[in-house]
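See the structures that follow.
What follows is subunit A paired twice: with subunit B in the first complex and subunit C in the second.
This part shows the complex of A and B:
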C-alpha cells in the first residue's frame, strides 16, 4: 500500500529511511501564495486572524500542489502580539504581518498575561490546526510554527536595539530571550494538543546574516535547547542564513530535524547530522522557486536528494508570489527521481 | 596633542565603539581648531572605513558595526552644528529608506551609517516608506541619490513602481536610484532600470560614490 504524505514525512523526520518509498517534499515554514488564495477566494489579511480561513489557506499548498504539509500560522508576530507589541497585519493580500514595535527598554517591562493561550491570535491558530487536522490529518502532516526565543526577543526589544545590547549589556539580551522559553514551549504544546504533528521553531532573527556563530551560541542556541526540551512532540528547528556555520549548535538543540536555509553548504552540514537528527532543505526560495523555472527547481531538488537531505523543503518561507507551477515542480522532481 | 593624534584617536574611538570618548575627542578636535568637516572626514570616516572593511571580511558582524556607528554618531552630534554646509564639499545628498510594506531595516541602517561616515548628507526616511515620500524628499532636498532596500519578494516591485513614478513625473534624470536587499539582484536592477544594485552595505557605499561621480560627469 502506498504511503500517505503524513506517514512519509513523519518517518523521514525520524530518520527511518528504509521504511519510505521516496524523499518527501515538505516545508518547515509558511507555504501560502497569492495563486492559492485566488483559487480559494480566501485572502490575507483575513487569513491571519480568522481560523477557518487560516485553515483553508494552510492546506492549500497540499491540496493544490501536493506539497506534503498543512501549516499555520503564516507570520512571526503571534507571540509578540500577545506580549503587547504593536503588530501590523498588512493591507494587501500578499502582506505578511510585521512587528513595527519600537521595543521594550527592559525585560521586566514585558507584560506576560496569565492566560496567554487565550490571548490575541493564539486561539485562532489553535482552532485552525484543529480544522486542518480534521480535514487532511489522515493524509498530510500538520506542521505548526512558533518563534525561537531569540527571535521573540528581537521583537520585544526591537532587533537593532537587541543587537547593540549584545555587546553593551549581554545579560539583558539573555533576560529578553528567557521570556520565550516557557511561553513558546507552552504554545507549542497547545499546538500539539490541537492536533499538530510537528512544531517548527523558527529562529529567523538568529540568522548568520545578523549574528556571528559565537553570538548564535551565546544568545540563541541555549534558549532553543531549553525551549525544545520542554516541547512534548517532534520539532523542526529553522534558522536562516548559512546553516553550516552553526550546524553543531542547531543539532545540539535536540530538535528532531533541522531546516536549513539555501545559503547553507549542505556538503558540510549533512554529514554532521548523521545519527543525531534529520535535516531538510534547501531549495532556493528566490532564485529557484520565485524567479526560476520548473527545470531549475527540479535540478535543485535532485541535487538536494543526492547530497542526502532527509526531506526536501524550501530553504525558508515561500514567497507569497511563488507560482503553483514551481511548487508542483518541486514535488514532482522527487516523485520522478525515485520512479526512475 | 597634535592634529594628527587627535584625528587618529577619534578614528580609533569609532573603531572601538567608545561613545563617550568619541564625543570628547570631537570636542577636542574643535577646540584644537580642526574644522568639523576635517574631523568627520579624517576622524569618523577613517574609523568607519576600517569598521566597514572588517565587516566585509567577516571579521566583525552586525552588532559590532551598530555599536561603532552609535559611537560615530556621538562624535557627529558634536561636530555637525559646526559644519559649514557647503554642498560643493560634500560627496552628495542621499534619500534612503525601506520600501513600503517592509519593516526590515538592519541593512538600510548599515548603508545609512556608512553614507553618513562617507560625508554624504543623508535623509533617512526609515522603514515602510511610501513611494511618494521618497520622491518628495528627494526633490525637496535636491538629492543626488535615492537608495531603497527591501528584504521581501512581496515589496520589491515597489522599487519598479518608484522608478516608473520618477519617469512619469519627468524627474528620472534628476536622481540616481540604487537598490539593495536580499530579494533583489543586479538582474532585477537592470530590469527595472535602476542605476545600480549593491549586495551589501560596504559595497552600497562604494556604489553610491561611483554613481555620484557618474552624475558629475554627466553634467
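This part shows the complex of A and C:
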C-alpha cells in the first residue's frame, strides 16, 4: 500500500529513509498563493483572521498542487500582536501581515497576558489547525508555525534598535529574547493539542544576512534550544539566508529537522546533520519557484535529492505570487525521479 | 564653497572581489592595513570603526587642537574609518550591527566637524531612499542611507511602506542624482516598475537602484532606469557614478567596474 503524504513526511523527518518510497516534498513555511485563493474564492487578509478561511487556504497547496503539507498561520506577527505590538494585516490579497511597531524600550515594558492562548489570533490559528486536522489529517501532515525567540525579540524591540542593542546593551536583547521561550513553547504545545503534527520555529530575523554567526550563537541559538526543549512534539527550525556558518548551532538546537535557505551550501550542511537531525531544503523560492520554469524547478529538486536532503522543500516561504504549475513541478519531480 | 574630496576612486581599490574561504582575514589585520598612518587621523578613524561616538568626538577635538581643519578631518579621518568599515563588511568580518553603530559614530563626527566649520559641509550630491509600498522591512534601506551619508551624500530617507506617488513626487521636486528602492518581498517589489513608469511619463530620467531580499537582476532590468543594487555598500559607488552624470544604462552596464569588481552570480 502506498504511503500517505503524512506518513512519508513524518518518517522522513525522523530520518527513517528505509521506510519511505521517495523523498517527500513539503514546506516548513507558508504555502498560500493568489492562484490558490482565486480557485477557492477565499482571500487574504480575511484568511489571516478567520479560522475556516485560514484552514481552507492552509490546505490549498496540498489539495490543489499535491504539496505534502497543510499549514497555518501564514504570517509571523501572531505572537507580537498578543504582546501589544501594532500589526498591519494588509489590504491586498497578497499582503502578509507585518509588524510596523516601533519597539518597546525595555523588556519589562512588554505586557504578557496571563491567558495569552486566548488572545489575538491564537484561537483562530488553533481552530484552523483543528479544521485542517479533521479534513486532511489522515493524509497530509499539519505543520504549524511559530516565531523563534530572537525573531520575536526583533518585533518587540524593533529589529534596527535590537541590532544596536546587541553591541551596546546585549543583556537587554537577551531579556527580550527570553520573553519568547515559554510563550512560544506554550503556543507550540497548544498547536500540538489542536492537532498539529509538526511545529516550525521560524527564526527569520536570526539570518546571517543580519547577525554574525557569533551573534547567532549569543542571541538566537540558546533561546531556540531552551524553547525547543519545552516543545512536546517534532520541530523544524527554519532560519533564512546563508546558513553555512550557523548550521552547527541550528543542529544543536535539538530540533527534529532543520530547514535551510537556498543560499546555504547543502553539500557542507548535510553531512553535519547525519545522525543528529534531518534536513529539508532548498528549492529557490525566487529564481526557481517565482521566476523560473518547471524545468528549472525540476533540476533543483533532483539536485537536492541527489545531495541527500531528507525532505525537499522551498528554501523559504512561498511567494504568494508563485504559480501552481511550479509547485506541482516541484512535487512531480520527486515522484518521477523515484519512479525511474 | 567647501567640497568634500571625492574618495570614490580610493574606495574602488578597497573593494576587490574576496573569497572568505580562500583568504581568511582577521578584523585586526584589515583595520591595521586600512587605518591612516597619521595618529591624528587614525584615532578618529578607529573611533568610527569601533562605533565609539565619544572617542570620535574627543579625537576630533584633539585633531582640531593640533591645527587640523575640519574638512581634512572628515576626509582623512571619518571617511577613512568608514572605508575600513565597508571593507570589513564586504569581507564578512563586520555584520549589520557594527556597520550601524559605525554610521552613528560617523554622523556624530560629521556634526562635530560642521560645528567647527560653522556651516554644513558641501555634500557630493542628493540621493532619495525608500522601502517599497506595502513593505516595512527597512534594515537594508537604513544601511544604504547610512553608508551614503557617511560617504558625503545628502540623503532624503522617505522611510518604509512609501506610496509610489510619494517617491515620484519627491524625485520631481528635489531632483536627486539617484533614487533607491528596497523590498524584501516579491509581493512588494512590483512597486518599482510602477515608479519607473511614472517617472518616465513625467519625462524624468534617473538611475533607480533597486535591491533587497527577493529582488533579482532579471526583475530590475526588465524596466527602464532599473539598476540592480546587489550589496548595500555598493550604493556610494553608484551614487558617485550618478553624480558624475553617468546614465542609468551606463551604470547598469558598468556595474562591476563602478562597484569594484563585484561579479554577478546568476
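Operating definition for what follows: the second predicted complex is superposed on the first by the 340 of 340 C-alpha atoms of A that agree within 3 Å, B and C clash if a C-alpha of one lies under 4 Å from a C-alpha of the other, contacts with A are read in each partner's own complex, and residues count from 1 in each chain.
Convention: a contact is a pair of C-beta atoms (placed from the backbone, for glycine too) under 8 Å apart; a residue touches a chain by one contact, two chains touch by 3 or more.
Treat the numbers as computed from the prediction; the structure is a model and nothing was measured.
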Combined model on subunit A where subunit B meets subunit C, clash or fit: clash
First (subunit B), second (subunit C), both or neither touched by A:2: neither
Which of subunit B and subunit C A:339 touches, first, second, both or neither: neither
Footprint overlap on subunit A, comparing subunit B with subunit C: 88, 90, 92, 94-96, 98-100, 159-160, 163-164, 166-168, 209-212, 215, 286, 290, 319-321
Parts of subunit A lying in touch with subunit C, wherever the complex brings them together: 88, 90, 92, 94-96, 98-100, 159-160, 163-164, 166-168, 208-212, 215, 285-287, 290-291, 319-321
Residues on subunit C engaged by subunit A in the complex (per definition of touch): 51, 95-98, 100-101, 104, 134-139, 142, 160-161, 185-187, 214, 216, 218-219
Subunit B partner contacts - residues on subunit A that touch it in the complex: 88, 90, 92, 94-96, 98-100, 159-160, 163-164, 166-168, 209-212, 215, 286, 290, 319-321
Subunit B to subunit A touching residues, read off their complex: 17, 60-64, 66-67, 70, 101-103, 105-106, 109, 127-128, 152-154, 182-183
